[in-house]
Each structure stands twice: as C-alpha cells, then as structure tokens.
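Note that the chains are named A, B, C, D and E in the order they appear, and that numbering of residues resets to 1 at the start of each chain.
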Amino acid sequence: MLEISALNKAYESPGRRVEAIRSISLGVGAGELVCVVGPSGCGKTTLLRCVAGLLPASGGEVRLDGVPVTGPPPRMAVVFQEYGRSLFPWMTVRQNVELPLKEKRVPAARRRELVAGSLEAVGLDDAAGAHPWQLSGGMQQRVAIARAVAYEPQVLLMDEPFAAVDAQTRADLEDLILRLWRDLGVTTLFVTHDIDEAVYLGQRVVVLSSSPTEVMEDLKIDLPPERDQLTTRSLPRFGELRGHVYRQIQRARGER
Amino acid sequence: ACGGPQPAATDPASGMTKVNAGVIAIVDTAPIHLGKAKGFFKEQRIDLTITPVQGGAASVSGAVSGQFQFAFANTTSLLTAKQQGLDVKVVANGVSSTGEQGKDFSAVLVEPDSPIKTAKDLAGKKISVNQLKNIGDTTVRASVRKAGGDPSTIEFVELPFPDAPAALQSDRVDAIWVVEPFVSQALSQGARAVAWNFADAAPDLTVAMYFTTSRTDPGLAKRFTAAMRKSLEYADAHPDEVRDVLKTYTRIAPEVITEIYLPKWPVDVNKASVQTIADLALTDGVLTEKIDVSALVP
Amino acid sequence: MRAVRLLALPALLVLLWWAVSGSSFYLPSPGRVGRAFAEIWFSERLAEDVLPSAGRLLMGYAAAGLLGVGLGVPIGLSPRLRATLEPVLEFFRAIPPPVLVPLIMLLAGIDTPMKVLVIVSGCLWPILLNTVEGVRALDEVLADTCRMYGVRGLARLRRFVLPGAAPQIMTGLRQALSIGIILMVISEMFASSSGLGFTIVLFQRQFQIAEMWSGILLLGLLGLGLSVLFRRVERRVLSWYYGSGAARA
Amino acid sequence: MEAVPRLGLVDARFLPPASRILTTLAGQLATPELWIALGETMRGWALGLALAFCAAVVAGVVIGIVPGLRALTSSTVEFLRPIPSVALVPLATLLFGPSLGSTLLLVVYAAFWQVLIQVLYGVAAVDSVAYDTARSYGLSAWSRVRHLVWPTALPYVMTGLRLAAAVAFILAVTAELVIGSPGLGAEIQVAQSSGAVPVVYALIVLAGLVGIGVNAAVRLLERRVLAWHPAVRSEVGA
Amino acid sequence: MLEISALNKAYESPGRRVEAIRSISLGVGAGELVCVVGPSGCGKTTLLRCVAGLLPASGGEVRLDGVPVTGPPPRMAVVFQEYGRSLFPWMTVRQNVELPLKEKRVPAARRRELVAGSLEAVGLDDAAGAHPWQLSGGMQQRVAIARAVAYEPQVLLMDEPFAAVDAQTRADLEDLILRLWRDLGVTTLFVTHDIDEAVYLGQRVVVLSSSPTEVMEDLKIDLPPERDQLTTRSLPRFGELRGHVYRQIQRARGER
C-alpha cells in the first residue's frame, strides 16, 4: 500500500542546512498499523509530512498504491503534532470536525452522526459548541483526533497524538484507534514517544536512529492480535519487546 | 446620471433643447444665473442646467468631452486650449474689467504697513496668484511693467484665492492677487491695493468668455448666444438684481455682497484686449506661439 | 524567466493602451508620451522638480512612520487609550487632505513644512491603523511569557511588541508609501511654483496632455522603484516571518 | 480648537473659534440643501466603496492563492498604486463629466489599492499548519478560501475596510471639490470661493463627524465577525 | 512559601460559562517539589496560570511568601503547555534563552555561561543559532525548559514540560529538574500526565478531581530523597504509590 524508498530530506535555509532524513525505506501493507519511534528531533514529523505529500522530498520517493505521492492523497487524515495550530480558531469544535466531512459530501444526517459519534468517543460531547481556544491542551488534541476519526480515512497518519492527555484518557484513545483500525481496516502510521504505546498498538514498530536518520530496526510485534490494556500489557512478551525497543532507542541516541 | 457624453437633446413636444453649461460659481458668472432666472434661455427654447465646475481647466475638459455644450473659462485658459489644438470656440462674452483704477473686481493687495507703495515696488517680491501661467501672473506683470518695474524678477506662487488673505497677513507672501469677494473683504480688513491689474493690462479687458465646441449644433449656439447677450445686458443694467442672485448660488456673506465691486458685463468681446493678453502671454512665455485671436473669437 | 514574468503584464497593458489611444485628445499614444517623457524628465527638471519633491516625500514618510508606530503601539496596547483617542483620530482621518491644506497653511506656512505636514497627514493613517491592529493581535502566550520573565518596558517593546506586530506594521508602511506619493502631488497643488506634482497639474491645466501623462508615468515609476526598495528591506526585517510558516508567502 | 483663535494665535477670520463653527454647522444642518448634498456624497461613497471592496477582495484572494500570479502582477500593481486619483481627474471628466460616474471612478481607484494590499498581506498570513491541515483533508480550493484563507485574512481585511472607507469618503469629497460633481465637496468649494470661512470649517467638521460614524460602524462589524480573534476576544473577555 | 486557599476560577464568555476550578486549597513549602496530576481538562493549566498571576482568580486567593499574587511575581519561571507559542519566532534559540537573563541584568559573561550550560543540559548545544520554527516539537519544548532553567528562578511552574520528548530524553530532563531543584532549592509546581513521572519527581503528588475541580488527594511520596531512574523506579513502594495514584485518577475520571 505505502512504499517509502530511499527517502531523503534536507531543510535548506540561508546559512543552515539540516539533513533531517538521511535515507529511509519502509513499506506499510494495506490495513497495517505501524508505529514509529525515535529520539526527539530525529525526523519523525518530517517523515510523516513527506508521506502526506505536504513536503517535497529531497531524494527517493513515496508511493501510495503504486502512485508516487506529490500532493496530499485523497482519503488520508493527519493528526499534527502542533494540534493547537491545526484547529481553526474561528470555528467551533463541531464545525472543525464537520468541515472535512462537508468537503467529502457526506450527507447531513450521516455527518451529524459521525461528528457526534467521534466527539463522544474522545469524551468531548459537551464541548461541541466551544471554540478551540476555550479548551485545554488535551481537549484540543482530542478535537484533532475526533476530526481524523470522523473522516473515516483509508490512511491515517498520527504524530504523537496523545502527548497532551492523561494516562487514562490515553488508554481509551489507544483503544479507539485500535477499534477504528480493526473495523475499517485503516492503514495507520503512528508516531509516538511512548514505547509501551508503540508496542501495545503496533503490528510493527519502526525505530529510527538519531540524525543522520535511517531505519535502525523494523520490529515485528508478535503479540496476539486481540489487544487489551490489562492483559496485553502484562504479557511477558510485551515486557521483552518493550525492553528491546527501549535499548534500541538508547542505542540510537547514544550513537550521535 | 452616469454615462458618457450627452448630446444636447431636443424634446420634440415642447421644442426645448436640454443644455448643460459648466460654470464656475463666482461673481463673474452672475449673468447666466440671472438670465436663467429671468427666463431668457427659455425664450430661446433652451432648457438650461448650470453645473458648477471648479475652474477653467475643468470646464474646457468638460466641454471637449461633450459633457457640457457650453462653458465658461478665462481668456488665458481658452488661449492655451486653442494653442494646444483643442476645439474651442467663443460664443459670448463672459466678464470684463471695469477698467477703472480703484473700482475693479481684481486687485493686487499688500499689508497696510507694507513697504510696497506702488506697482513698481512689486518687482522682486513674492506674489500669490490662484494659478500660475494664467491670467493672473500675465496681468500682474503688465501692471508692474506699466509702472516701470521689471516684471521678470517677481516670484509667483500658487495659492487659492480663499487662502491668500491669511497668507498675506502672516507674511508668507509679500502681495496677493485676488478677485471679488476677496478684494472687498481684505480691503475692509485693512489691506491696501497697490495695483488694479485687469485695468492696467488693457482697456476694458475681456477676462473670461463663454465657449462651445464645433460639436454643438450651430443653430443652438446662435440661440445660446442670443440668450447670453440678453443676460449680459440685463445684468450690466441691474446691479441690484445681480447682488440678489449672488445669494442664490454663492455663499458670500450678505454684508459682503452689498459692498463688492461688480465687474462689467458688456455684450461684446473686446477682441483687441484678448489679442493684448495673447501677446503678453507670449512675451512672458505662458504661450509658446502667436495666436490669431480671430480663430478663437469669431 | 523572472524578467518575463515581471514584464509580461506591463507589456500587455502598453499594447492595450496602444490599441485604444488616439481615439481621444486626452489619451495620446504611448509613443507620444514616451517622447514627451524623454524630453521633459531627462533635463534639469529632474533636479529642479523631482528631487525636491522626492526629498519632501521621504521626510514626510519617515515622520509619518515614526509618528504612526509611536502612537500606534500605546493605542494598541491600551484599550482605554484606544477608546478615548479613536474618535478623535477618526475625525481627522475623515477630513480630505485638500480641505485640510488651508488649515495646515494657517499653522505651518506655505513652504516645505506645510508640504511635509500634508504628506504626514495622509501617510500616518495606514501605519497607525495597522500598528494598532498588529499590536492588538499579539500572541497571548508570548505576552504571558514576557510577563513571567519580567520582560518589561523598553525591552518588551523592542523584543516582543515591535517584532510581533512587524508583519502588520510593514503592511501599513507599504500602503503609506504610495499614499505618500499621492499626497506629494496634492501638497504641491497649493502654494507651489515647482515640484513634480505641481508640474503635472500645470501640464494638465495647460492641456499638454502627453506631457501630463509622462509625469504620471514618472510617478508610477517612482512608486515602483520605492516599492522594490521596500520589499528588500521587508524581506530582511521579516525573514523570520516568511521562513517560519507563520506566513506562507 | 476654541482657544487657538481666541488667544489670537491665528486670526479668527481665517480659523473661527469652535463655538462659531459649531453654531454655523447647526444652522447648516437645518437646511435641506445640506442633507441633499450629504446624501449625494454618501451615495458616491457607499457605491464606490462597495465596488472597490468587492473587486479588491476577489482580486487579492485570487492573486494571493494562485501561485505565480503574484509575481506576474506585482510590478503593475506597484506601478499603478502610487498614481494619484486626482491625476485621473482629466480622464474622469472626459469619461463622465461632473457626475456620479467620475466620483465613482476616483473613489474606486483610490480605495481599491488599500483593500488589495491588505488582502494580499492577509492571505500571506495563513498559518502553515492550518494550511497543511486543509490540504491533507482534501479541502477544495474554494473551501480553503472560504474556511481558512478568508478568516485568516479577515483582520487585515477589516483594517483595509477602515482605511478604504476613509479614503473613499475623502475621494468622494475631493472629486466633488475638484470636478464639481454635486455633493458635500461642491458645497465646500462654493463656500471657499465665496470666502465663507465658518461655513467651510463647519462642513469640514461635518466630514470629520461622518468619519467617526463610519469607523464606529466598521468597529461594530468587526466585533461581530472577528469575535474569535485574539485582538477582539481579549477585549470582550476583559 | 506558596499558599493557595479556596481558589475558584470560572471562564465567562457570552453564552458559555465554565467553572474550571471549583475550589482548590494547597500549600507548597519553600524548596518543595509538588507534582499535580488530574484528568485532561480538569483545570491544571488554569491553576498554574492563577498561581503565576497571569489569570485573575474568580474567588479565593494565592499568596507567595505571604503576599497576595496579583501579577507575575519576580524570580518565577513558567514552562507553558503551549511551548511552541511561547518562543519568540524572530529570535534564535540562544536569544530566546538569553532574553530573560538580560532583563535580570545578569552580566554578559555569566549570561553566556548560563545559556550555554542550560542548552547543553537539554541537548541543544548545536541548535543555538537556529530559529524555533526550524526545530522539531520536542526540541522547541526543550528550548522552553532551557530558558526556565537558565533563569535560575526561586519558583518554577511547569505545565507538562516533557510531553513532546522521547522516553530517554524525558528521563534525562527529569534528572535535570531534580538536580536544579536540589542544588538551588527551587520551589517547584509540576503538572504532568505521567503518573510514574509524578511519583518519581515529587515530594508530594496532588491529584485533582475532574470538573467541578477540587483536590482529591494530597499524597506524600515517602520514597528516599535520593532518586535514581533505575533504583527508585524498581522499589516496591514506587509501584504501590504509582498504583494508588492511578486508581485515584481513574476514580476522578469516573466521577464526572
């Protein structure tokens, strides 16, 4: 489904050139959920933006269903790390979530249903009429998630989407994503800093090295497909994988 | 109301021709207002609309563009327009100097305590006129020349008439050239006249004229001329009615209206004086070539 | 390629002008105007008429810039000041410069100070309004950051308020540039005997239409030149803004 | 304003004291001619402003979002912008004479650039993350303009509107003053050439008062359409 | 040192009134490090802003050293949850960190030292010349932390300061804060979503209930004062405390 081959990206500005990504090759099958972890500033956001077609690559290419990505492909949803800036302050929460659906020409009745459903899923049903700047950080982030969920995308890109919410909400949202992924078969690329989360959610966990960024490890998570906050996390294999990824990241950081 | 040039339209029923005249709202143009009020234009089957314009250039542009069938402009403006090859043709006299020293509607004024005593002293001084390279500086130079001064040393500066008295009082300029009602106003407030430039320039100087373009139907032009002549004649003979009509289209204070010097409104253009102005303008470089006045004033 | 892009539209417009010209006395052909341009402006007129005008323009513009930003910042920062001052300012803003000129002449005479003042009286508004709006719209989190770290007074002004409002201040300055040129012409319509604006008006009154258009052409070129210069400055001052994705252009 | 002439700083003949101006204004306000003139001016103003505003907003947004168009048009825009409306007087009189048409031409020409420049800067101020959001959710060009570009540019546009409203009014009066189309400016012109100083200043004061009214109206509008904006919401909240 | 008594805060806007904080009473002793946890949207940020004097309280009061707080007190530093927006985009990273020091009139030499030291401590020494918008989310957050650290405040307020960094960096930064706190005796109020973090860092952990917000529990962390990522976290008592706080938050969320 998603083919990233020898992707390279350097930011050029007068007097400063940063090679954010040296070379990344990665494939994501249809309906797969892949988690990406890596040290801060290693280029995860850059990778996601290149995949979303928002940033032109400096080298290599990204293909979606065999077609090279040059602009944002249809039916793709992104949850940005800068969730605050990705919400339109002049719209209410409901309008923010509804806007992409209107664009997709979802009939009004179905739209209402989707908006209400996704807002409820993220626990914001009573804030639907508020403006984003009247919400707490975590609430804003959940609006961004609700917008992506309501959109029912084929490909979902998420950049540290649960960074601003508390542990319990985080667990709920993790299960929401798992449900969405399972029910709709959404191909998902999920960037996170939380190793537990990566192992818990992902079918695979990709560990990026620190700059110059390459894929350090592409780890298959051989946990049972049915996941559950309590049982899965207490499996011995979970602990092993977790420890493995942790050591890899530590290695990644140490190498720089 | 908005649209391109409007040809003079004749209403077949009444036989009245709609005419739009561009006329500046000052004392000089009292006859046309008076004539309209008296029905002299109706007699000639002219349904006259008087549109106030801001100055000679605006009335010439308006006439040339066909907005006005007739308009009012001063002699120098018309000469300049003619020189530039514009299609203008005089149809009636506009306003003339009284030709009397001390009793004209145009004068050069100084402060009461000014060292300038006569027109000769104006040489080398800073004098305001409403528009440079126009009738004002030409005639003021003529006054100075006539008094034996050197007009080439005068520094002219542009100031609208209404702003001139204030500039004089605060010594921003040495002398000002103004016309009525500013002459009377300033005189009553203590200013002193040192030259009567229109009277100096030529006897019975024709200061401004009504004109049209070749686009206008000659028959209509004749009728307008006839009405205009009657109006001029009437105005010249009835100064009190002139003072009354001034209250309708200007905002000159009533007490000033009773005092101002009225100009003369002879029926005929003084072609000789126009030729004098043309020659003076050529001497002063306001015009660049000699103009045959007959081409302008038939 | 860049040159083509810059020149394509002007070339098209000149062609259009060519096509419609000649139909009227008031619209001479580009060739006529070009000849008049070369004749008039490549002579001592340049030093006599254009340079003094340009000098006054720059003086007035600079004064308006200082005044606009100087007034705009406090007004933008204080809602109370805004409430009291705004009606007064709006009053003066609505008065057309041509009718304001006599008043200015009463107070400032008829020479250079008057003309500079007239330019200021028009240039001030876009700078002032944009500064006020720019200051009002400063980011709240940044404002809080300043308060927390005790960034106050002059430092707050220099490090936070001015750079933060800079994008909108620059918008105002750019607007004012062309307004300044316009007012340069208007100021020379009174009490003048030289200057670019005066010359254009004189040409107009003397029905030297090609010459008048050549003067207007010069005004346009002056504006174009100044705006190119302005853009250079702006790109430097706002490099962070255009780089950051706070703005996309 | 009262003190300056009273103290003799300037001659009261040339700048009457405020009390005199105000009584004159009151007297003028009682005459129907003044209201007719004011109506004429306001008609030219409103029509011209509306035309200029719509044209400039459309042009500004199109130039701002279509890539390459900005470079293509910039030299022409910068060339035309500083050309004074008053320099267009001959063209205006040629085309329309002293009528509403010439007032409109001058008003539209002057007000157009004010709004256009503001719109261009406003369009450029769109946040890149918000823009990427719109793109990734497949918002069409029209939706992007409507839901993202327009709201972002709105504060700039409102400033442009306020600037243009004043400029349009100024040009409406100036056009009447210079060309003599009927209206407040023509009244001022007649009063000026009649040496009626208090009337001139009374009319000027009236122009200023109209300006205050116009600004108040735009401010009110701004409060409604920009309630979400930090500049406005901080004031509403406080 | 810091006395919060019966603090109440409601946001009023036309058509919407949100009582963010019902009533919070809380004392923080001089040189104490108190962690605040609570469900998303419960009013932690609001609390911090009131303490910082940035937001007027609707009721109750905050006192610092016995003086009621009406505006930001001197020598207090805050790391905002909206780290991205709290950095000046027109300044480089170094200038951002240096600005408050200039305001404090720290001599140039000492200033250079502090800036270099704090940037190194957060691992950003080579990005000192970059502008904030040239940095990744995590890097931006670290700039904000470096700024607070270099300021050497007496009171430090931090709002989810490590939300955007990877696990390993997070651990390093936690130790940085602990060091700072210990060396300079900084009174610290620390908002976090990470329960482990709260227990690891805090001398006390305050659990807030969900809206209407009150203090649900004020828990003394009776772990040995010397903390260490490996040993402390593997203490059985650590696990107990962690579990306790977790259950409290779950209760807090459940109650709403």
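Some observations on this one:
We take it that a contact is a pair of C-beta atoms (placed from the backbone, for glycine too) under 8 Å apart; a residue touches a chain by one contact, two chains touch by 3 or more.
Just so you know, these numbers come straight off a predicted model, no measurement behind them.
The minimal number of chain-to-chain contact steps leading from chain A to chain C is 2.
Across the assembly, the chain pair joined by the most C-beta contact pairs is C-D. In whole angstrom, the spacing between the mean C-alpha positions of chain B and chain C is 37. Centre to centre, using the average C-alpha position, chain B and chain E are separated by 83 Å.
Our note on geometry: chain A versus chain E, Cα centroid distance of 27 Å, whole angstroms. Of all residues in chain C, those that touch two or more other chains are 26, 102, 106, 139, 189, 204, 209, 243-246. Each of the following residues of chain A touches two or more other chains: 13, 82, 85. Shared interface positions of chain D, i.e. residues touching 2 or more other chains, are given as 10, 14, 89-90, 94, 127, 129, 177-178, 192, 200, 229-230, 233. Note for the complex: chain D touches chain B at residues 10-11, 13-14, 89-90, 93-101, 104, 177-180, 186, 189-197, 199-200. By the touch criterion given at the top, residues 49, 52-54, 71-72, 74-78, 80, 82, 85-91, 99-100, 102-104, 131, 133, 147, 151 of chain A touch chain D in their complex.
Chain C makes touch with chain D in their complex at residues 2, 5-10, 13, 24, 26-27, 79, 86-87, 90-100, 102-103, 106-107, 125-126, 129-130, 133, 136-140, 167-168, 170-171, 174-175, 177-178, 181-182, 185-186, 189, 197, 200, 204, 209, 212, 215-216, 219-224, 226-228, 244-249. The residues of chain D lying in touch with chain C in their complex are 10, 14-15, 64, 68, 70-76, 78-87, 89-91, 94, 110, 113-114, 117-118, 121, 123-129, 131, 155-156, 158-159, 162-163, 166, 169-171, 173-174, 177-178, 185, 188, 192, 200, 203-204, 207-212, 214-216, 219, 229-231, 234-235, 238. Here chain C touches chain E in the complex through residues 139, 141-142, 144-145, 147-152, 155, 159-160, 163-164, 166, 240-241, 243-246, going by the rule given at the top.
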